[in-house]
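A short worksheet on the structure shown next.
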Amino acid sequence: MIGFRARLGFLLPPGNPTIEYEMIAMAPPGVSLHFNRMVAHGMTGSLDGQTERNTSMVAHLDESIEMLALVKPDIIVIAHTATSYDLGADEEAALLARLAKASGVQVTTAFASVAAALERLGIKRVALGAPYSAETTKKGRAHLEANGFTVVHHDNLADVVNIYDTTAEDAYRLARSVDRPDAQAVFLSGTGMPTVSVLDMLETDLQKPVLSSNSAMMWLALRACGVNQPVAGFGRLLTLD
Amino acid sequence: MIGFRARLGFLLPPGNPTIEYEMIAMAPPGVSLHFNRMVAHGMTGSLDGQTERNTSMVAHLDESIEMLALVKPDIIVIAHTATSYDLGADEEAALLARLAKASGVQVTTAFASVAAALERLGIKRVALGAPYSAETTKKGRAHLEANGFTVVHHDNLADVVNIYDTTAEDAYRLARSVDRPDAQAVFLSGTGMPTVSVLDMLETDLQKPVLSSNSAMMWLALRACGVNQPVAGFGRLLTLD
Amino acid sequence: MIGFRARLGFLLPPGNPTIEYEMIAMAPPGVSLHFNRMVAHGMTGSLDGQTERNTSMVAHLDESIEMLALVKPDIIVIAHTATSYDLGADEEAALLARLAKASGVQVTTAFASVAAALERLGIKRVALGAPYSAETTKKGRAHLEANGFTVVHHDNLADVVNIYDTTAEDAYRLARSVDRPDAQAVFLSGTGMPTVSVLDMLETDLQKPVLSSNSAMMWLALRACGVNQPVAGFGRLLTLD
Amino acid sequence: MIGFRARLGFLLPPGNPTIEYEMIAMAPPGVSLHFNRMVAHGMTGSLDGQTERNTSMVAHLDESIEMLALVKPDIIVIAHTATSYDLGADEEAALLARLAKASGVQVTTAFASVAAALERLGIKRVALGAPYSAETTKKGRAHLEANGFTVVHHDNLADVVNIYDTTAEDAYRLARSVDRPDAQAVFLSGTGMPTVSVLDMLETDLQKPVLSSNSAMMWLALRACGVNQPVAGFGRLLTLD
Amino acid sequence: MIGFRARLGFLLPPGNPTIEYEMIAMAPPGVSLHFNRMVAHGMTGSLDGQTERNTSMVAHLDESIEMLALVKPDIIVIAHTATSYDLGADEEAALLARLAKASGVQVTTAFASVAAALERLGIKRVALGAPYSAETTKKGRAHLEANGFTVVHHDNLADVVNIYDTTAEDAYRLARSVDRPDAQAVFLSGTGMPTVSVLDMLETDLQKPVLSSNSAMMWLALRACGVNQPVAGFGRLLTLD
Amino acid sequence: MIGFRARLGFLLPPGNPTIEYEMIAMAPPGVSLHFNRMVAHGMTGSLDGQTERNTSMVAHLDESIEMLALVKPDIIVIAHTATSYDLGADEEAALLARLAKASGVQVTTAFASVAAALERLGIKRVALGAPYSAETTKKGRAHLEANGFTVVHHDNLADVVNIYDTTAEDAYRLARSVDRPDAQAVFLSGTGMPTVSVLDMLETDLQKPVLSSNSAMMWLALRACGVNQPVAGFGRLLTLD
Amino acid sequence: MIGFRARLGFLLPPGNPTIEYEMIAMAPPGVSLHFNRMVAHGMTGSLDGQTERNTSMVAHLDESIEMLALVKPDIIVIAHTATSYDLGADEEAALLARLAKASGVQVTTAFASVAAALERLGIKRVALGAPYSAETTKKGRAHLEANGFTVVHHDNLADVVNIYDTTAEDAYRLARSVDRPDAQAVFLSGTGMPTVSVLDMLETDLQKPVLSSNSAMMWLALRACGVNQPVAGFGRLLTLD
Amino acid sequence: MIGFRARLGFLLPPGNPTIEYEMIAMAPPGVSLHFNRMVAHGMTGSLDGQTERNTSMVAHLDESIEMLALVKPDIIVIAHTATSYDLGADEEAALLARLAKASGVQVTTAFASVAAALERLGIKRVALGAPYSAETTKKGRAHLEANGFTVVHHDNLADVVNIYDTTAEDAYRLARSVDRPDAQAVFLSGTGMPTVSVLDMLETDLQKPVLSSNSAMMWLALRACGVNQPVAGFGRLLTLD
């Protein structure tokens, strides 16, 4: 049986090429991956029009989840960090509860994964890097602080035209540049920027935990389904139960 | 850049857990995979209600393709063999042309992949196995013959409750049982039955080419995008340009 | 000399295909495996007629052991868990003593292996899963408790027609479902259900020892012959002396 | 399903430690092995009393096969070469036919495997080595010639007390010593002498095919069940279909 | 002795980060690499000011070679393709002769390597891709044709700000786009664009030889020093003597 | 981007064949190496004329660094130990400050790397071996002591004609011979003698840290650029942050 | 330079085939092996005539060592355990001193190696197994006790015709049979019986150190030459400095 | 049994460190190596006094062989090339015949191995390199020509003080320098110069067979004992039967 250990479902921003690629790299034996695209229009990945696209994706979530639930996943992850920044904590909680009830499957989000991961690592003070516009990055900072974390420094990647054209090497250099001595960890936000292949290297060089939206999503999805497999090569978070 | 060599897009029957799993197993370096689920309702994978579900999936193809096209794939494959059996050759050709024009991406189907693959292998006489109902399997046979192939023998897998619960071991035994000396190849129809992990073993034991809907889709998708990488381990088809 | 380190003999229920397969997977270098089939008739592996078959196997044990002893094994294991459930502790002890005396070889059983393994692991409270009928599973629970263990939860695999058709994936899901927080370990009973390939994965996911009749038999057989080789890949029991 | 590709059954002389060991070494993926011991008494493996033991094993064949057939093998091999020497061709053929009919499984013998293997290799002139007494070795030679092969030279291993104490190194040196320039192949008779680990080395050094009862049994068993997997490391026979 | 098989010397444009990286990747055992930077000023790698920089590098060649010759290389390669385009064939030949005489070491250039490599491959008709300005790329085309090759198509990489920021993925896509059916090979000019890691993949996909300035320099340097080691992984050129 | 993790620049004595070879062996993933030769004349590597050559290299440092800085290294290392012995601590410090200011890149030396490495290892008492003349070796000893280290024993390699002809086996035997029980570590001076391939073996045999100019340069260059990758195989220094 | 780390010389009983084979298996990188045969006549390896042969070997030691010393070994080991039993401690010490003085090389014996190894392991109480006659084995026991060790049990291998025909499997079974709970280690005497390939397995099974004349000789030879390389696979002794 | 496939005996010049090292590198599985040192005095390996030492070694051959024969080798090789040059063909043949008769073992020499190897390779015209004095090298040339080979060029290694200090890198460069276009093969004479690790590299670079005294001795010894194992990594000779 495919995915006899667990089936993980991911809802993707439609133009995002990164999540499938990085989840495939991290999935342990016995765990299968299933994907559905959310509904949005226009030039996805660009810094313009993000709010409209976020709104559209939220508006169609019920139908997006209904189709994905047919493959009988053990969990569904809404793989978009900025959605949480827009919705705020209360509205997001209500939405997830409604969706889980309708589909009969537990539903979570990228940001909820990140918050749980930071707690698991015992992190209070974090440095934040993101490929967003300066404005969206600031929203991300505010959302982290609203969730009880101190952001000791934040910055966004320079010269981004389209998030989906950024590389893991960009992510490496962004993390190096946003880190500060008083940060206990570095968090790279955004599911569209490739990050997971450089997390181990970053932890070696910065000598502290480095996590991203994508590594946190995989970690939470596995652990929430009772799969406690340590996965090597993607930062220490994924080696923890 | 993710998928710098090629980005392959697949449209899936919503309850099908097999395609993602098998495409991930076969994709060569530099090629990325992107998925979207088609729209259907009810107990997907069961032998009942297949026709209604096929109709629904075809009816929503435009919107399914629009979302998938946003990730800029080099090709989109409609990953459902039985759809072609229902539509017939002419209607399918018209549909594909319209979809390609609307999305700006080349679009093909599982069955078109199979027909091209049989031609590439120089096969005229084939044995057919499928996890469908006897009735649908007969339609499959008829469609093959309408496309100019001789089906020397066909049979469907016994005792199937839900196609998505069949295993690669079932596929192995089905292929062994449907093969006949005058068949030049064995074809296992249906994207929901796992097959690709046993194709090499079957070719060793039957001493002729063995292909499936899933191995044919990957082969055609790669070759149509100019990726001529031989992929070992999944039957001789994928070792050919 | 074949088996210069130790020769292990196993007496099998005649229709059981699993024991040879799993013992071969676990045997360390220098240890050879030798098999003989016990005498039983009818539809072996089915849930019906188990008691009659058990009776037949016990009745012919002397001749079964005589032939196996000719290969000069260092130990003989009667590889059938349910036999012990039927005989009870006293009758089994008397039987083993008589057989050892007659053959000149130490003789043990699957259940004796399990009891010794639980003690070695320091386990008092266990969760029990089995592919038997509900009735036989209950006998298994009673026998464990008669041996001084607390069974915090037990269940049998649903929808079994023939035990010999169950898979290791079934065993994985059964273990996940019978585990309870107050269980110190999970025990999968029955030598006919494949288990050993998923024990490591189960221990990773459940974060406690998971053992089966088959892993316990190999462990006891090796250790009773003075072979203290840790064997990796089949649960922590086999890594212990 | 264990042995989904094929299940091979072997009937063993009860004291023989070699067959299980060598079959395990040669079995390809997807093929499972199942064993039952024949009925004989006394000092098995010694050169004395062989005829009485052979008679006993033949007399109990029906019951030995009945138990082994319960595991549903695709073939049963009577793994004793000298039995065929005693029975002669006609009596053996009649026996096999009766046994196959009774058990519903195809039944063959070690010697029948050897004869088929020599034919497959296109061998007419063979050198023969065996761990038997000089007398039994001569019977082996006669049986080969009765089957249409020319034995250009034969010899038996010196100083054998018990066949089951011989080693693969003995087999290597025996093959080197019995080979003659006009032999097209060397055949090592007897399922109790370990041979399969030195067959490749012998073929390299003698520059002709070298086969043994055990390599021939595995080859015939696989090919008769439709498994055409080339198996490397045990002589060129097992690399042929 | 370091470089006992051969010592290869390379003169680099001072800002070029690519040559050292790619030569290190390709050097076979026993061959050592030695580098010296040529003299040029300004924003190296940018498309502006290339001619002035080329003039400066040529003007200082004597002193650049004198220092590199002290490490006793078996050959010195002037690792800049565009220099040859500016000098023309006659002036380049005179220059190389003078430098070899002064230093006592054979001296060659990137373009001379390319021309020799195309001859070795038996290529007459080539497609050309380069990261240069359109103007410099045209010069490259003219120089190839002046050397007797037909350039069936040429193009330069779009949107280049600095050659030294281009990637091997850019080179892959450039080669795919400039190839034409009547080209017998694709040549990627310019030592600053990383190419060697994608040459094998390009040859697989385009089914013809693909070479670059860097692969040609390593090939010629090795072969001119009598090192005929086939080097795998960088296009078929380096597998030829 | 080549060297996205760090780009390391090295200035070499022009005839030195060793530094490039050993740096290539030690560089971790993501780190690129860039070289330029300093200006000196005559029979480099011989024990005669060292002082004149050192003077020449220092005199031309500005122009040597200017060209190397064009490749945008994160650090530049002046890879010559004896230069520091000649200049003395104060003059060297002034020189480095001036060069760093002029080039905009941090600049360090081989000896500064050694001093930092000894401190990192917590070493006070060291044994010194070198391929220099006895006189230069004594200068090396004096410079170490001027920097606060105690040199418990020193010696130079016998029978050296040209440093660049010495081997790593010479270095092994030199280190074995200069070691004394009261030395906490052994230091092998000189960037021209190959050492890094025997440092692990020496540490195993001498059971104390063994470092060389070359291992110290790589260690300092990486750590000064924020690359904390442990590099195995070249002594324990490179496994430390 | 061959053996740049150390050159080890061994003097062998002329008919002994085992020492070269086992030393080759254990030698670490950079260490070379050199052999010379001592002078003895008759049926070497047999239990008869051992004393005469020992006398002959001792009588010719000077010339045997002179030839071996020409290869400039760092140590010479007289690789015969029973020699020490015959000579006694005082006579052996005098002999070794004289030989070392004459040859200019340190000289030791198999037994001296064993005594040093037992001390290194901190062993006082040992079980002894040997392939000798019962009488020689008793001498071995006496010599061990004369050196301050308690022999808790001893036995010789049964049915030995020629020591040089014994196998490592014999050694395994001998060690298993002579071990006693109060022994801290098992020592297998005799350089002619193969032992080193089973020492790790024995330590695993007996859960205490197991050493042999051959493992002790290699350990002492390495350590006496300053080579502290841990060698894995031959018992824990060789992993110690 | 050690060396069950073959036992090879080598008689060594006493100071030669190379033969044992290189034979160990080349020996295939199942083949054991046994060594004895010949009798010679003085500064072995130096170019002076070679003739006296050769005479001494020949004078003591009977006793050297007697001791080596006790280990029951299948062949004995006199591993000294220059001996044959001194003796001449007739005297050598008589000597070998007498020694074989006395010892009961076939006896051969380094030069006889070379002559047989050249014939096996079909070589008539050879280039010769050696580490000897010019005079001895000329004798080598004469001996080759007396055996029917044409020596198209010969040279000896420059600046040799002691043959036993030469390296495989010296051998590589010697072979490169003595090769001529009309030579069909290069032969490196002398068992004391390490050669076998560079033969493959030389064949790659020179594109013709390259053999040495040591590779020829191993080839002949194996083939004369009926071991036809191709041995990879040491020139094509050892891949031939």
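Each chain gets a letter, A, B, C, D, E, F, G and H, in the order it is written, and its residues are counted from 1.
Everything that follows uses one rule, which is that a contact is a pair of C-beta atoms (placed from the backbone, for glycine too) under 8 Å apart; a residue touches a chain by one contact, two chains touch by 3 or more.
The structure presented is a predicted model; accordingly, all values stated were derived computationally and were not measured.
Considering every other chain in turn, the ones in contact with both chain B and chain F prove to be A, E. Across the two interfaces under comparison, G-H and A-F, the one joined by more C-beta contacts turns out to be G-H. Chain G has its Cα centroid 45 Å from the Cα centroid of chain C.
Mean C-alpha position of chain E lies 32 Å from that of chain F. The set of chain B residues that touch two or more partner chains comprises 1. Looking at which chains touch one another, you get A-B, A-C, A-F, B-D, B-E, C-D, C-G, D-H, E-F, E-H, F-G, G-H. Chain B makes touch with chain E in their complex at residues 1, 4-5, 29-30, 226-230, 241. Of all the residues in chain D, the ones that touch chain H in their complex are 169, 172-173, 176, 201, 204-207. Those residues of chain G that touch chain H in the shared complex are 1-3, 7, 14-18, 20-21, 24, 32-40, 44, 67-68, 70-72, 164-165, 167, 194.
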